[in-house]
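These are the structures, in structure tokens.
Both of the next two complexes hold subunit A, though its partner changes from subunit B to subunit C.
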Partner chain A sequence: MTEEIRIGVFICHCGINIGGVVDVPTVVEYASTLPNVVHAERNLYTCSSEGLESIKAAIKEHNLNRVIVASCTPRTHEPLFRATCKEAGLNPYLFEFVNIRDQCSWVHMHEPESATEKAKDLVRMGVAKAARLEPLEELTSDVIPSAVVIGAGISGMTAALSLARNGFSVHLIEKEKEIGGMLRNLYRLYPTDELAEEFLEQRIKAVKEHKRIALHLSTSIKAVEGYVGKFKVILDENGVEKSIDAGVIIVATGAQEFEPEGLYEYGGERVITQLQLEEKLKKGDLDWAGIKNVVMIQCAGARGEVVGYCSKICCMNGIKNAKLIKEAHPDINVFIAHNELQAYGEEYELYYRDAKKAGVRFLRFPLERRPQVRRSDGKLIVDVFHERMQLDIPFEADLVVLSVPLVQNPDATQLSKMLKVPLGQDKFFFEAHIKLRPVDFATDGIFLCGTAHGPKDIGESIAQGYAAASRATIPLARGYVHSEPIISSVNEELCVGCGICESVCPYGAIEVVETEEGRRARVTGVKCKGCGTCGSSCIRRAIKMYHFTDEQLMAQERAAVVTEVIS
Partner chain B sequence: MTVKSVLVIGGGVAGMQAAFDLAEAGIKVCLVEKTLSIGGRMAQLDKTFPTNDCAICILAPKMMDCYRHENIEVLTFSEVISVEGEVGSFKVKILRRPRFIDEEICNGCGDCARVCPMGILNKFDMDLRVRGGAYIPFLQAVPLIYALDREKCMRCGLCKVVCGKDAIQYDQKPEIVEMTVSATIVATGFDALDPSSITEYGYGRYDNVITALEFERLICAAGPTGGHVMRKDGKEVKRIAWIQCVGARDTRDNRPYCCSVCCMHATKEAILTKEHYPEVETYILYTDLRCFGKGFQEYVNRAKDDYGVEYIRGKPGEIREKEDTNLEIFYSPSSDKVEILEVDMVVLCTALIPSEGVEALAEVLGVELDEYKFFKLKDPYNFTETTRDGIFVAGYCQAPRDIPECIAHGSAAASRAMEVVLGGNRNEKSQ
Partner chain C sequence: MAEVKIVGFLCNWCCYAGADLAGVSRFQYPPNIRIIRVMCSGRVDPVIILDSFLYGADGVFVGGCHPGDCHYLRGNYYAEKKIEMARRLLREAGVDPKRLRLEWVSASEGERFAKIIKEFTDEIKALGPVTFEKEAMEAACLAAADYRLRILATKERELLEEGNKYGEVFTRHEMDRLLDDLVREEYEAKRILLKLKEPMSVKELASELNLKPNIVLRLILDLKRYELVDLHEIRDNTPTYIAREEHAQ
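Up next is the complex of A and B:
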């Protein structure tokens, strides 16, 4: 390299987050003694407007061609600092991040001196690597202006409609013969008590009539290839294989009701689930004549009994059905045995109060003493331990309704493998960030909405459907996507085409192809996430990871153990 | 700004998400924020449940992304004062209140704040810290532009003397900006109820009864005490109790609704306390534990099993202050007894209510509010739609919801606005 390396180091106090433990001025002083470092300074918050301006000014003033920020984590702040470098005319990949918050001030908060020494070590390592950084260019690729939405329940229908209204063609895939999803099995909806059928009818009509929505019924997904902007989805539509090209994919595959096999004497006509009750209410084929007492049991199978989570909607669903029964049959006693009651928000609390007014009786049990159902002389008895009275109360029930949780569909596992997107511990699809990115997957171009993400009710599913549509509209409306150039690249002269890299790549981004020279591995840049798995498994050392080259990493490692940096 | 643009009112996490999605899709956005900085309530929080992510650390990049976006114009310290016209073409007037510091010139150096002799309680820190008359609300404020508090300013003129950039303008006047937009998104968030009206808990009378947002600032490393939780008398805390539903699920003042987030943020604050001070005893007194979101039950389990947070069912009837300023909480765990829990600090999880000024804004926008001043929906199952075409809603101002729900809601409202701007098969006038 002929160009003179001129490194600027910016060390962040992060208020007292770093500065309260690490002796920042000492680290700045140390940094300025390192080879190639021509400027070092400290900032109260490097990520503040003031800090960023300071970086830009220093790049100009000191003619910097490498920038290091020693602060928090690249997970949240690297894009910001890279963009700042770019604004100052520096290639953003000539920026190096050093994490002295998580790795120094946080983990060693009780040893300030060692934390300071470690911060110096990390800065020295960063300087060693930075000197060897190469400028990289972002990749750009076109986006096919259409979407595939998998699942035509209420969230998928909402997402499809919004995307279509935003001007893009949508393929809406449904495994059943009809669209509508779980709503087709419901009787009435809370909090308005309107009929699910009527609610659904107008929405189905809007989807069916929209000229930009193509429905694929009785259709399953066979395979998914490609990447953001250029997906190819292979369908089995009524036994016929079809291939669809799309720029984005939305997963809206819904959930199903847990089957409480072996719990609470479940089975037969008298111990049923809420969904089974709704079907009966909908058909009107429940014989009320012999029913005097109805007991509903909340959290059946949930919150530690079988699944660990709270299923969010079962309390309101139970309250709704209890209220409907009570209103239609005032003489029937309806009890809801519950632990906590999830009547959250504005409307639901009011609805819960209405149910109480309608005469529904609420009995609270402690979670460690759930109700027991037993059969005795042909009678059905529910023993509820009343938390407040500290009493076991037996209720004779003519109908027991179990409020069971929503659980993931069994075919989700296969879909998650095809799309290469994860499921969480609860088996629901796992979003990119539980707080900040509720409808994105970590994989670009694939989005998520509705109960496939976790239990939620109609309004919440609709909101997420719109949200996924918004996120998916971004690449469609732009018509192109940028992707990071931190990817792998194969030296075909060294590659022997053994295929190990192809077998370990989690993103399907590398594959062995026949070339004139024989079998060689090839990388699809846009699919590569730069994880480095291929590089570390290559027996021929034929794979180079941009931004993490052997040379760069070795220099960093040397600097870790040798305090004199070799420039 | 011309048609094919969107007005977003409120720069909290929901409004920022809406603005960001629209801008990324190539649509021009004007983001109007009432206070001096975008960031909203989330910026005030220390950590967030259920991952204990540092709130400002994950929010700050989003704030900067919004502010720096080429398609977003951020107007802080501003209010929408008039909206006329209809979907596709709203004529909007925005009042820009004077900062008395030139926004173009100020570089955020803070020299004015350092010389200002005034001491004024900082609202961002829940009045627990003093700021100058020249100030920014918090260090990571976006934009980093100072303002003068002229109501309290004693006109000494020092700031003007020290400002090296000559940015101080004592005679700055309010300004009115006009623009035409295709659609509007309102995302004005919430305020915490002042619990002085709930007299039985003694807030305002007892030194060591504080609110959850005050606690949030106390335990925050960047907060007024540097993250040290201490009592008014400076003593270390040994036993803390959180009380849920203070002023919420309470019909006395017509606030029967549940605020949806307090059970979880009390759980979070108790966990954080245990992380800072493992020996401190923590109690959460509640009615129903509302842990219904993704990962919430697991978070509560961790609070109980791993951190030893104690959950007590019971809504306290009264709190009494003892002579040593410790507090006695009277509650009834079962139908036949009343128990007393003695602690040295009580944190009230107060009702979160639609933010101040929401009625005036609703009038400007020509939309209806419901009985509790949340924005009313045209269709109860479509959380994005207000009672006026082309005006959409996102976040807590429509109904109680947590951060990820506000973000999803922000995106959802963005998609509705995109339908107006991009799609055009609804409400399309002419091409």
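Up next is the complex of A and C:
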């Protein structure tokens, strides 16, 4: 036998915020006539300690098993009222919120009668839903106290060290034979001009020596299963398959330089990229004797030419290499052809001024008329359009250096699919929220740092490495994760295993599995975020979305338009 | 004049927050809308939308996050296709699809929310209270629950962008035609199903529903194949059919 439904309705005056427009006593009176409502009262401020006490008292006195508060917005006050219900021994998911302030009294201030009618309707809708609410239990699961960090560039090494120093064991996965990432190829680093090799050396040493960091070199990720707290990562380590359990995952796979095939006469020894230049500077195998003029071309392939975005590091990087050449060889002419230079912040501005002082010359071109490189009588000519004079000025060059953008690694697409985390428009990994959650993925337990997330310099990559480690420490240190029980669930009798639900779920929370009855969809509760998209897509309407069930929403929607009471 | 009734489904993270902000900033709008909170616009099932109309809503508003801003990444993309599907079904049921509106409103667009609701309310007021044949809307509800239309609504974007499994990409035009045909067919099939609470012949159905007999026959054979309809009896050499009880409600 089902339990009798006993609803209590608490209508808030919110001082004069609601009470000044909506006729609250009339709404209370109306509420008490609705089916299943056994108690209705009004409070000056339902959220005050007095108001909360009276909810608790009424739950006891009237033996309420559903509570409705009609007041402000669930977005700010739902946690409070849920907690109050819980204190009084009522399952917090048997609470329903009705918004009669933000979406009624405040927006219909000059129509008190209509506002009162609307408030009644909204309460009726709330009652219709409340009668159909079900108790739900919060989900908890344990967290394995170790991390997988993918990519051992500067950001991944930073994150790994930070986690290891906090006492967690870390598996650092690197597809190359050596750790260090992009920095292994670089010569000197802006803005300090220190040697990249020296900068890396001490950090590599710290990583290699740390007893809680296990390095996996020449290793690729083959598969990822599980969810926050209980990931299983399958590795291919030098041809040997290994499986690792971890509570969290950090993506630090970096980026690579764009290859400007077919642009600016690229190719050979005399039209090269900044990275190729740095490799030569590092090895010291550039023949300076034949070089009198160096022209660097900024934004090559970027900002609308091939990729749409600005690669952010190339201005400073161009300035750096121009300055280094000029300082070492004062008699060589070094030009930087640019559209606009970004040397943001005081330190970078000073660095730019140093380059100017050293004699680097800056040429500005409009983006619609980028420089052209041509060969004439065995010579390289760079035509740079001068905007004020409206003509191309030819510069003879013995070496052309293209400042090309950082682009995503080609295997990132595969990785994003394995991890079920998204790539953005520019193919870089996409964070959960640009301001509020900059190093989180929307999927719990997976974090992000470095140039895998988009072009950035070493300082920023390191800061993100620390940030990702600190975010990852939260579940690791706590040892368990809680998740809301507002999740979907599959009625296996109706499900035909078509997989439509699996295809729409952004979190891989619902998957088709083989059962004794055949293929059926199954939900992993902790992974599900409760969006409900699978439910409205399911071809058999076999999915129930807890707390927002079809039945509940239809009861609300019908109660919105049908004034005779539907019980 | 009777006031029009509007049901609104707003996603928790953007549009609902935008509606709250309209309140906090005291932007006024007409009181006809009754708002229901859902976690994501992707949750809003066409069946629920059409059911709102069936029960007497004169307009339905669905509000989600701007493309790219959905808290669950892609829910609003799916919502868009579901709403289009619901609009097609409304048209079949003889209801102006303008009565169903989808908008993207961010949490910071309180003023815009108020403006949109005012505009939409005015539009519905101008259209007046909704009228339709009850059976027509019931058929639309049933069609929205049908698996074929649900697959198509979910897979449409993929078929347009990535093509089918042979890599053949549909053009917008081809997709529209496919959708129009399929929606009409499903809708007519459901109308037949509803009529077949009583046994009827193909000819009778054709004249009742104003359809060509060969189309009715084809749809009936489909319904039979899916075990929704049975042969009832042969009356004067003419077969009559009846719906299986559980399917015609």
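Things to note:
The criterion applied here is as follows: the second predicted complex is superposed on the first by the 377 of 567 C-alpha atoms of A that agree within 3 Å, B and C clash if a C-alpha of one lies under 4 Å from a C-alpha of the other, contacts with A are read in each partner's own complex, and residues count from 1 in each chain.
Criterion: a residue touches a chain if its C-beta (ideal position, glycine included) is under 8 Å from a C-beta of that chain, and two chains touch if they have at least 3 such contacts.
A quick note: this is a predicted structure, and the numbers were derived from the prediction, not measured.
Counted by residues of subunit A touched, the larger count belongs to B, out of subunit B and subunit C. Judged by the touch definition given at the top, the superposed model places A:H110 against subunit C, while subunit B stays out of reach. Shared-chain residue A:I16: touches subunit B; no touch with subunit C. Contacts of A:A83 after superposition: subunit B is touched, whereas subunit C is not reached. Contacts of A:L350 after superposition: subunit B is touched, whereas subunit C is not reached. Using the contact criterion defined above for the overlaid structures, shared-chain residue A:V561 touches subunit C, although it does not reach subunit B. Judged by the touch definition given at the top, the superposed model places A:R303 against subunit B, while subunit C stays out of reach.
Overlaid on A, the two complexes show subunit B and subunit C touching no common residue of subunit A.
If you check the complex, the residues on subunit C that touch subunit A are 5, 7, 9, 12, 16-17, 19-20, 22-24, 26-31, 34-40, 42-48, 51-52, 55-57, 71-75, 78, 82, 114, 145, 147, 150-151, 153-155.
Residues of subunit B that touch subunit A in their complex: 21, 24-26, 48, 50-51, 53, 57-58, 60-62, 64-65, 67-68, 107-109, 139-144, 221-222, 226, 249, 256-258, 260, 288-298, 301, 313, 334-335, 370, 372, 374, 380-384, 399-401, 403-405, 407-416, 418-419, 422-426.
Those residues of subunit A that touch subunit B in the shared complex are 15-17, 20, 44-45, 47-50, 52-53, 72, 76-77, 79-80, 83, 162, 164-167, 189, 191-192, 199, 303-304, 308-310, 312, 340-350, 353, 387-390, 424, 426, 428, 434-439, 453-454, 458-460, 462-471, 473-474, 477-478. Of all the residues in subunit A, the ones that touch subunit C in their complex are 73-75, 99, 101-104, 106-111, 114-115, 117-118, 121-122, 125, 422, 442, 486, 498, 500, 503-504, 506-507, 529-533, 535-541, 545, 548, 550, 553-554, 556-558, 560-562.
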